[in-house]
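Scrolling down, you'll hit the structures one after another.
Shared between the two complexes below is subunit A, which has subunit B as its partner in the first and subunit C in the second.
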Partner chain A sequence: MATVQDVYERHFPSGISPSSWEVWSWFFMRISGLLLVFLVLGHLAIMHVFGGGVERVNFDFVAARWHGIFWRSYDWLLLALALLHGSSGTRTVIHDYVHRDGWRVLAKATLYVATFVFLSVGTLVIVTFDPATLAH
Partner chain B sequence: MSPAAGKTEPYHKTRYKGGGGMWSWILHRGTGLMVLGFLFLHILDTSLIGFGKHHYDTFVNIYKTAWFRPLEVLLIGAVIYHSMNGLRVILVDFWDRGVRYERQLSVAVNVVSLVMFVPSAFIMLKPIF
Partner chain C sequence: MKVQLKIQRFDPATQDKPVWGNYVAEVEDNGRVLDALHYVKWYLDGTLALRRSCGHGVCGSDAMVINGVNRLACKVLCKTLDQPVTVEPIRGLKVEKDLIVDMEPFFAGYRAVQPWLVPDDTDPGGRERLQSPEERARYDDTTKCILCAACTTSCPIFWGDDTYVGPAAIVNAHRFIFDSRDAGDRERLEILSAREGAFRCRTTFNCTEACPRGIKVTEAIQEVKRTILYRKV
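Then we have the complex of A and B:
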């Protein structure tokens, strides 16, 4: 059976020997992407297209939705995977267009800090939300 | 040719010179960055819910104005295309015959994207007309 490394090298055969980090981030893009197709399209169908779309979204709607653990987990998984997938994709874009070492380090550092901060804020909001203390 | 000091070569030095592959590559990048941009905004707007009902509802009302609806439709289109084209990328990478059917897969991406997008856009735009 072909390993992840084999499949990766079939597509990058130009003599580059990628670090295992490159192989795994490439593989992560495929796995997270596959999961995100279902999570994101489900999210869009529920929140934007059917049942009135964004028109009915407000505090009470979110409070009802986040009453149980299921939608909180769904939303957190979507948050984490989308952010890491997007961050990983942006890293590839930086590698393609930012060639100076200094600027590349700065761009990637900014990206990683932003990813960490936004993942922390998002997680905090989903985990700590308590409608009883906020409904004013 | 060795790279200039302080500079790093791109991972892969391929260059598209036109053709369908180039366009799906450009669209995939563009839609990906666009969706990530909105994700950052979306995390900030959702975090307002931690400040209370008034703050959250006031901000979300901006999204509900007719001005924002076309942007919302654009976002849904970007997500649909990026999702379907991403599935094509996975198939080309992992499916034995993915490369052989690359052209058919590209056509399928465009057709399925449109089939998903057009009715969604219609449902979303109907209330503002």
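Then we have the complex of A and C:
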């Protein structure tokens, strides 16, 4: 029969005591999910439903939209929360179904790298977009 | 009355995969599924393996999947079920034979939450540690657990990963965390905030529906999560 010590070691290998990481990531999922409901509905309404729908979206539309800081912030928040919410959920799915240590590390490393790359590229576009230099 | 039974039979020593065994049992009009299984074992096929002890819904030995849902065989009347009655072992644990599964991953999760009273440093002076009826009522629901594993083996998270401590373990942690006499809550909440702990719960409510004791399992898990959240965030 497993002793209490065995159970401890199974749950806290190498004596590392549990951090608050799981709690924070769970909390983040709730808050980001709540914000995303409004951000995504707003995004859908503006880009796809009202004012002519997605057909009118072209370079000039984006240039006008990203003229000010507000819509850049809105789009960056949508990008960041959707990416982090999605990757946090995928991380949980990996915990559920990938049990071999090697495969789990590989899957999570791939996930984290992909999230970092997409977030970096997206942030770069939103921050550095300048219609004056691109228009010609 | 006659009861048609379709029982999942599996002997890993001689078979590669489970097969269905069909039987017709004779039970009294108020007979339970356990009576029908006894009839099969005693009169039709003595090789049928199942666990049961008290036979009255208290010991928690005979949880099984009856017509697709987790039930105690000793608490379900045959006349309430559609026939043929299918009987399978509880899911997510390795089948040892027929309806008997290896319960060790389930009990490992149970032991992990330290399911015993951790007293504080005060000396009660040789007397009992007193508690008001209100303090007792705070965790009354979770004292009803009989460790039958019906909840944990109905949990899709546990099916996918048996290192998750599971709903039954969290219910039993709840029973002590909210006990006014207990001083081990900090350590228990630390254990349940680990990766295999309470935050694996995805609130599917399977556990609450499966519990033969009517414990509000998901609510207990949510109370534990909330307590951890309030202390850490």
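As a convention for this text, the second predicted complex is superposed on the first by the 116 of 136 C-alpha atoms of A that agree within 3 Å, B and C clash if a C-alpha of one lies under 4 Å from a C-alpha of the other, contacts with A are read in each partner's own complex, and residues count from 1 in each chain.
Just so we're on the same page, a contact is a pair of C-beta atoms (placed from the backbone, for glycine too) under 8 Å apart; a residue touches a chain by one contact, two chains touch by 3 or more.
Remember, it's a predicted structure, so these values are computed and weren't measured experimentally.
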First, second, both or neither for A:His99, with subunit B first and subunit C second: both
If touched residues of subunit A are counted for subunit B and for subunit C, the larger one: B
Touched partner set for A:Thr110, first subunit B, second subunit C, both or neither: neither
First, second, both or neither for A:Val121, with subunit B first and subunit C second: first
Touching partner for A:Trp24 - first (subunit B), second (subunit C), both, neither: second
Subunit B versus subunit C as contact partner of A:Glu55, first or second or both or neither: first
Subunit B versus subunit C as contact partner of A:Ser73, first or second or both or neither: neither
Overlap of subunit C and subunit B interfaces on subunit A (superposed complexes): 7, 11-12, 92, 95-96, 99
Parts of subunit A lying in touch with subunit B, wherever the complex brings them together: 7, 11-12, 14, 16, 30, 33-34, 36-37, 40-41, 44, 48-50, 53-55, 57-60, 62, 79, 82-83, 86-87, 89-90, 92-93, 95-96, 99-102, 104, 114, 118, 121-122, 124-125, 128-129, 134-136
Contacting residues of subunit C [partner subunit A, same complex]: 104, 108, 111-112, 114, 157, 160-161, 163, 190-191, 193-197, 199-200, 225, 228-229, 232-233
Complex contact set, residues of subunit B against subunit A: 6-13, 29, 32-33, 35-36, 39-40, 43-44, 46-47, 49-54, 56-57, 60, 63-64, 72, 76, 79-80, 83, 86-87, 89-90, 93-94, 120, 123-124, 127
Touching residues (chain side subunit A, partner subunit C) in the complex: 2, 4, 7-8, 10-12, 17-18, 20, 22-27, 92, 95-97, 99
